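Below, each structure is written out as structure tokens.
Each of the two complexes below includes chain A, the first together with chain B, the second together with chain C.
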Partner chain A sequence: MTSLNPAVIFLLAGLFTPFAAVDVRRYITLAAPLIGLALLLLANHGDHGQIEIFNLQLVTYRLDKLAFVWALIFHIAAFIGALYAFHLKDATQQTAALFYQGAAIGAVLAGDLLTLFVWWEITAIASVFLIWARKTDRAYRAGMRYLIIQIGSGVILLTGLLLYNKDNGSLAFNHLGLESVATWLIFIAFGIKCAFPLLHNWLQDAYPEATVTGTVILSAFTTKLAVYALARGYAGTEILIWIGATMTAFPIFFAVIENDLRRVLSYSLNNQLGFMVVGVGIGSEMALNGTAAHAFSHILYKALLFMAMGAVLYRVKTIKASELGGLYKSMPWTTVFCIIGSLSISAFPLFSGFISKSMILTAAAVEHHTIVWLILLLASAGVMDHSGIKIPFFAFFAHDSGKRCEEAPRHMLWAMGIAAFMCIAIGVYPQALYQILPYPVDYAPYTTTHVITQLQLLLFSALAFVFLFKTGLYPPEVKSVNLDTDWTYRSGAVAIMKPINTLTSRLTQSAFGGLHAMWLVSIAALDRVVGPKAWLSRSLDSTGMVAATMGLLFLFLLLYLF
Partner chain B sequence: MIEQLPAIQLLLTLLAAPICSMLRNGDQSWRLATIVSWASVAIAGALLHQVWGGGNDISYHMGGWPPPWGIEVVVDELTAIVLLLVTLFGALVMTALRESLSTIMRHQRQSLYYTSFLLCMASLIGITLTGDAFNVFVFLEISSLATYTLIARGRDRRALTAAFRYLIMGTIGATFILIAIGFMYMLTGTLNMADLAERLPEHRDSRVLHASFAFFTVGIALKIALFPLHYWLPNAYTYAPKATTAFLAATATKVSLYVMIRFVFDVYGVEFSFQQMQLGTLLVPLSLAGILIASLTAIFQSDAKRLLAWSSVAQLGYMSLGVGLLNLNGLTASITHMFNHAMMKAGLFLALATMIYRVQSSQLTSLAGIGRTMPLTTGAFTVLGIGLIGVPFTAGFISKWYLITGALDKGWLPVAVLLIISSLMAIVYIGKMIDVMYFKPAPEEFSNVREAPMSMLIPCWIFALLTLYFGLDTRITAGLAGRVAANLLGAS
Partner chain C sequence: MNQNQHTKIDPQERSYWLDKPGTLNLIIAVLVLSCIALFAVDFFYHKHGHFDFEQWPGFYAWYGFLSYCAIVLTAKQMRKLIGRREDYYESVDSDINNEQDHDQS
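Showing the complex of A and B:
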């Protein structure tokens, strides 16, 4: 019994929910993660669920230390998400969430690439319903784009694994490395899901368009599944360090100038993934531990922040920074939880981000990646600015928008409370998390140097924010500059960044406008060639068909006789 | 009794056909036809059981005349699986046929329709069974004639022109095949396939044999709707009465493919066909062009039946491509897909016919929102559609897997990439239909359409469940196909 794959529980629950009564449905969504968690904790490490399909050995359930960390946090995130979404009556969202969560867990526990592929595609298909459930036209379009990209990732993965099977005669999902066309294809497939730079647009495009609860659930699984896949297949791949470093740095600029607070969080999600990707790229035991730990704590505080912003959206019906402010009077609990999330993401000592992020930074330093280390440090300051301060400040403080509303519903507060409690608990007692990491941990986060450096960094970026805000350089509507510890550059940078920003936005607009026009033209052209009334699909009359036949016969005769 | 099974298999349907025409009551003849077709399924199953595992082929001498003088009936594993395909899917369609037919045809006419249906099935069985080249031609003609009447029975007036064009093309195809067989007879003086296979190698440099091969390939290419000789197919499938299409799509082209494999590998011989005549170099580009162009065309269709018909052209391209690859995995894919595609396409057309039975139109616009009014039918359609795309754990995945592996075995990476692209196209055209069925609001006049009657629903779901079953258990499909393919290639 204990070798039953927890993902199966989610799928069964998902199959059952559409037919259950509203009240029953809610409890099913809560119960599935708990039962799954029990199964996970009781299971022995090792390979289970081996099946053989047309001469392929598949391991559908592989539990080892690396997979365990992800499976565990996915279950916790599924439970918190279900609690947060407890008010929902919408069967579509509940079913989609169960399938999505189950598929993500199944993918983490997959021992071979084919099983991984199947779950990979289910996550894509199930999750899009969480976006469509918002039922706006924007959400429909964003969901469609999201679906195409996610399915595309799956198809690339399938191509890669077919090639890999041919090359190696095995589909086992272990270290792959960038050695052949096959592994490159698989790498790109993972990269799309992990929102590598230039492959990342689907994330900021789709996540803010999902429903209040949908975004919370989405933020936990897809990208972290990709990080897991990278950690499993490409640990120690040099190029990942640079990809990761880019990922930590570039979203900051966008996050700072963005007005939609859930989109700000989506950018910061990208930035946090960068830390994990760097960890995978370094590939040392400490770095991989750091990646796993960071994924664990990141899922918690990111979900917490998305939940807080979701609660604001749920009550106030808007999430534009320029229209919010002064909500701390109406939503005191949400404010507190949001600040805890902010402190965690900014990696304040005693909060979860600190004990995980510093592992990756230390690993980078130990391996002498100085430039990367500096980029990560700078990115940490940026995180402090846009997620640590901007989010709670513009939503709950800043100038009073005059909006008054109720506190978030109780079940949402509970969900946020659990996440907030875990953020602090991990921060205060990191050993609990360190014990379950894939490799033995020989690392102490709370040394004087660490704490002092981090506090200096944080306080200086806080200072920069205060300074900029007071001097009027930081209104949310105006496109502004990123803040880093080196705040002396800022006045020059504003002058430089502004035209660059306008230019890039113009360029992207014209480029995408051009692409769109080209798309329309090519569709029209195709329609002329193969559309219902076009020459290729029109039925030839008998004469034409006979002519074609005779033509082919002459061709064959020519070829064969001469 | 057991040793008479091959003859009974053929005679059962062949003799039931005229009896059917004498019954003036449509229901009675439906009952007879259904019982007879399910009996054929049982016999086909028994034959498959007898030859299972390879090496115990059955040779039956008609009238006790030994070959090569008498007519020989040969049953090996390939024959048995094609027999099962024809009878099983034919019987399933036949079961669902009564409801579908009762709305479009007067009662007395129906028995004639069942007669043609049975005749068509009998002749397809005949083509599959016979070990005599001339017999193949005879049965091809019978099947074509029966098919013309089946198509022409469509309510749409355009069905007549479609049937007429199919008549012309089918006749040309059959004539070419006859010419090819005639040339072979001229050279060797025999019509028995096994005998031909023995005698032809000594004439391998004869012009006559080369011409014979050219006529045969073009003739059979017409029959399997190989691009660019596919033009008869979309119209014939679109305008034929709805359930007929399900039967034709499942069987007619597949049996033609079987004839092609038999002749090319067994009669002409692998070495002659592929090394001397370079069949592969002609087959591969034409198949690829067919796959891509037909898939692309399917995407742009606004009529559901026509869309599926174009998709059939593309899928037939997969099968001829597998033959053209000439390696174990490619040929396995071909034979597996022959079975799997017959199952999925018959199911899709049947599910579609069930919807059309309610909304009386096959335009995509009138199928909008049907997922809510007919959830069970649409559910079956969706499962089958997913199978056609080739999603893992459905039958379609198995054949595509072998086909892509076959292309990779050859080292033809671009071909593999094109196959993946064509799968993406399949996602688009199937996705387009599913999107319309589930996400578009239903038109006013169809907002209170009822779910289909059980007699149609159950066959649809049997097809859907079989698609899932053969996605997991591949002993009957890929396992058998692998043995047959090894045998065919090893015979060279």
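Showing the complex of A and C:
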């Protein structure tokens, strides 16, 4: 039995990695998740690592059933990501990934808000290097936008937790609820990382700009950490049901017309988060089980899909649907793994999505949230389109683009194979996953009704695709970008700032004759007041000081007496 | 970069099952028959549902088909509103023009 925090292993590995030889580095990235996993499995449930700083009680390592699910899948995702990135020689990405994964694990194991905040910020800072490692100007700018928003979330969290400590005299991270300004601030901080509607666009903006392997790693941690934080602090908060339902619905429209297939998957990720958020909002035991189960299976099939698209980008050097097609001839294994990912995310029977997403839908139905349930069902048909059909169809089939390449490298195939195996294993034998959920599971996914109705929904969706594609109504894949909320800061804010900047520089011009002249005037003015020869800088004689102090004290005495 | 990466189609390339003209029609036929069978099954078993409307014959089939069409056709119209040229924010090649081979370095 051990109470060593697995996150520490990742940090130590991350500190050591930059100094290790190339071949050693690769094995470190693989070994860290395995050692961390062993520590996690050997640890007793309960609070460990309690420390006290400035009268604040901190619990740096809390292991309970809810945290265990996330910590476990984060370790698995870290291992799969490391295997997928095994070819890398780039120490920056390997180090960043270790810090990022470790911080995410540390965050779900945090028992208080301050510890959570520290890990929360490390995930933000470490992860941006996976975007910058792409080394393009475009990735640099996308990374900057991403970092500003992620750090913004951290600052709001910090403000919230300080207020919370003032109100409650405690930083324990348990149920918070929307009861005060403090908990609202924390809620918004979580909401940014969870890509709530209108706060979502950092995700679709940044993830597709990361490296081939970086996107795979990014897809697993940040947003699911936010789902965990919501499940911990805001279970049963009704507004989350509507936020979640909106999240399942609106990204699917963007996904249909997006050309960059890794961006399609980012919209799809947003949509999947919606299901989990609905589960948190309902807050019943079945719903929270559904959220935990869905986070678990989602991380696997989403990583699998990102790995398949990453392999395409790695080999073909583009991931635009308008340029792809017919790749099944060159990359048959990748095609098969991608289809397994698609079947899983679409929730076909015998695949992982089927046994996890349905728990959330059933929980919504049990509570008679009719409209929400109908939205989730509509979103399920939407998932069938963008992730079930569009991703594999336009990359590997559709019209033959004439592009021929090698199959993905062997270690990538292994990583995809492990994820694909787990997707099927969970779908075929759901009890394995149900056993580790936070609450006892009273749910049977494989009923006649459920299998038949789900097949009806999905196959008739596929039929609709055939109908639309054959009649030419299906929107063709064209080179384009689509405006989303990122427009407000990438174009809108610039458009507002431009005239203000022009006006300011004109005023400077007319008043001083240019910016440089204004500098000189300002410096001269300052120099007169605080410069070396100015009155304020003169050193005073100590006699004068004593006399002044005496005078002040005397004045004070006079005022006090009369 | 990597112009030689994608060899063009070799005229000697083996033919693929999916490229044969009948294959696609076969797949579609299988799909249509599955759909017909699934729709028909609705009349032969007792459906356990939470809502009354789930008992309508083929509710899930209709809902899936119509949702799918509605989503795709709405998105297609959205393209007119929010679709922009590829270089709207930055030049098209800004994702590759100075990309070093980051996976090898």
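Convention: the second predicted complex is superposed on the first by the 474 of 562 C-alpha atoms of A that agree within 3 Å, B and C clash if a C-alpha of one lies under 4 Å from a C-alpha of the other, contacts with A are read in each partner's own complex, and residues count from 1 in each chain.
One rule holds for everything that comes next: contacts are C-beta pairs under 8 Å (C-beta built on N, C-alpha and C of every residue); 3 or more make two chains touch, one makes a residue touch a chain.
Small disclaimer: the values here were computed from a predicted structure and weren't measured.
Colleague: Report for A:188: first if it touches chain B alone, second if chain C alone, otherwise both or neither.
Modeller: Touch partners of A:188: none, neither chain B nor chain C.
Colleague: According to the stated criteria, A:133 is in contact with first (chain B), second (chain C), both, or neither; which is it?
Modeller: second
Colleague: Considering only touches as defined above, state whether A:12 meets chain B (first), chain C (second), both or neither.
Modeller: Touch partners of A:12: none, neither chain B nor chain C.
Colleague: Just checking: does A:35 make contact with chain B only, chain C only, both, or neither of them? Give me first, second, both or neither.
Modeller: neither
Colleague: After the superposition on A, what does A:118 contact: first (chain B), second (chain C), both or neither?
Modeller: First partner only, chain B.
Colleague: For chain A, which side has the bigger count of touched residues, chain B or chain C?
Modeller: Higher number of touched chain A residues: C.
Colleague: Please indicate which partner A:256 is in contact with in the superposed arrangement: first for chain B, second for chain C, both, or neither.
Modeller: A:256 sits against chain C, while chain B stays out of touch.
Colleague: Enumerate the contact residues on chain C facing chain A in the complex.
Modeller: Spelled out, the residues of chain C in touch with chain A are 1-2, 5-10, 13, 16, 18-19, 28, 31-32, 34-35, 38-39, 41-42, 45, 47-51, 54, 58-76, 78-79, 82-86, 88-90, 92, 94-100, 102-105.
Colleague: Note which residues of chain B are touching chain A in the complex, please.
Modeller: Residues 162, 164-165, 168-169, 172-173, 176, 207, 210-211, 213-215, 217-218, 221-222, 228-229, 231-232, 234-235, 277-278, 282, 293, 296-297, 299-303, 306, 310, 391-393, 398, 401, 404-405, 408-409, 413, 416-417, 420, 423-424, 427, 472, 474, 478-479.
Colleague: Applying the document's contact rule, which stretches of chain A touch chain B when the two form their complex?
Modeller: Chain A residues touching chain B: 53-54, 114, 117-118, 121, 151, 155, 158-159, 162-163, 165-166, 181, 526-527, 530-532, 534, 536-537, 539-542, 544-546, 548-549, 552-553, 556-557, 559-561.
Colleague: How about chain A: which of its residues touch chain C in the complex?
Modeller: Contacts found on chain A: 87-90, 93, 133-139, 141, 209, 211-213, 252-254, 256-257, 259, 314-317, 328-329, 362, 365-366, 368, 370, 373, 377-378, 381-382, 384-385, 397, 400, 402-405, 447-449, 452-468, 473-475, 479-484, 490-491.
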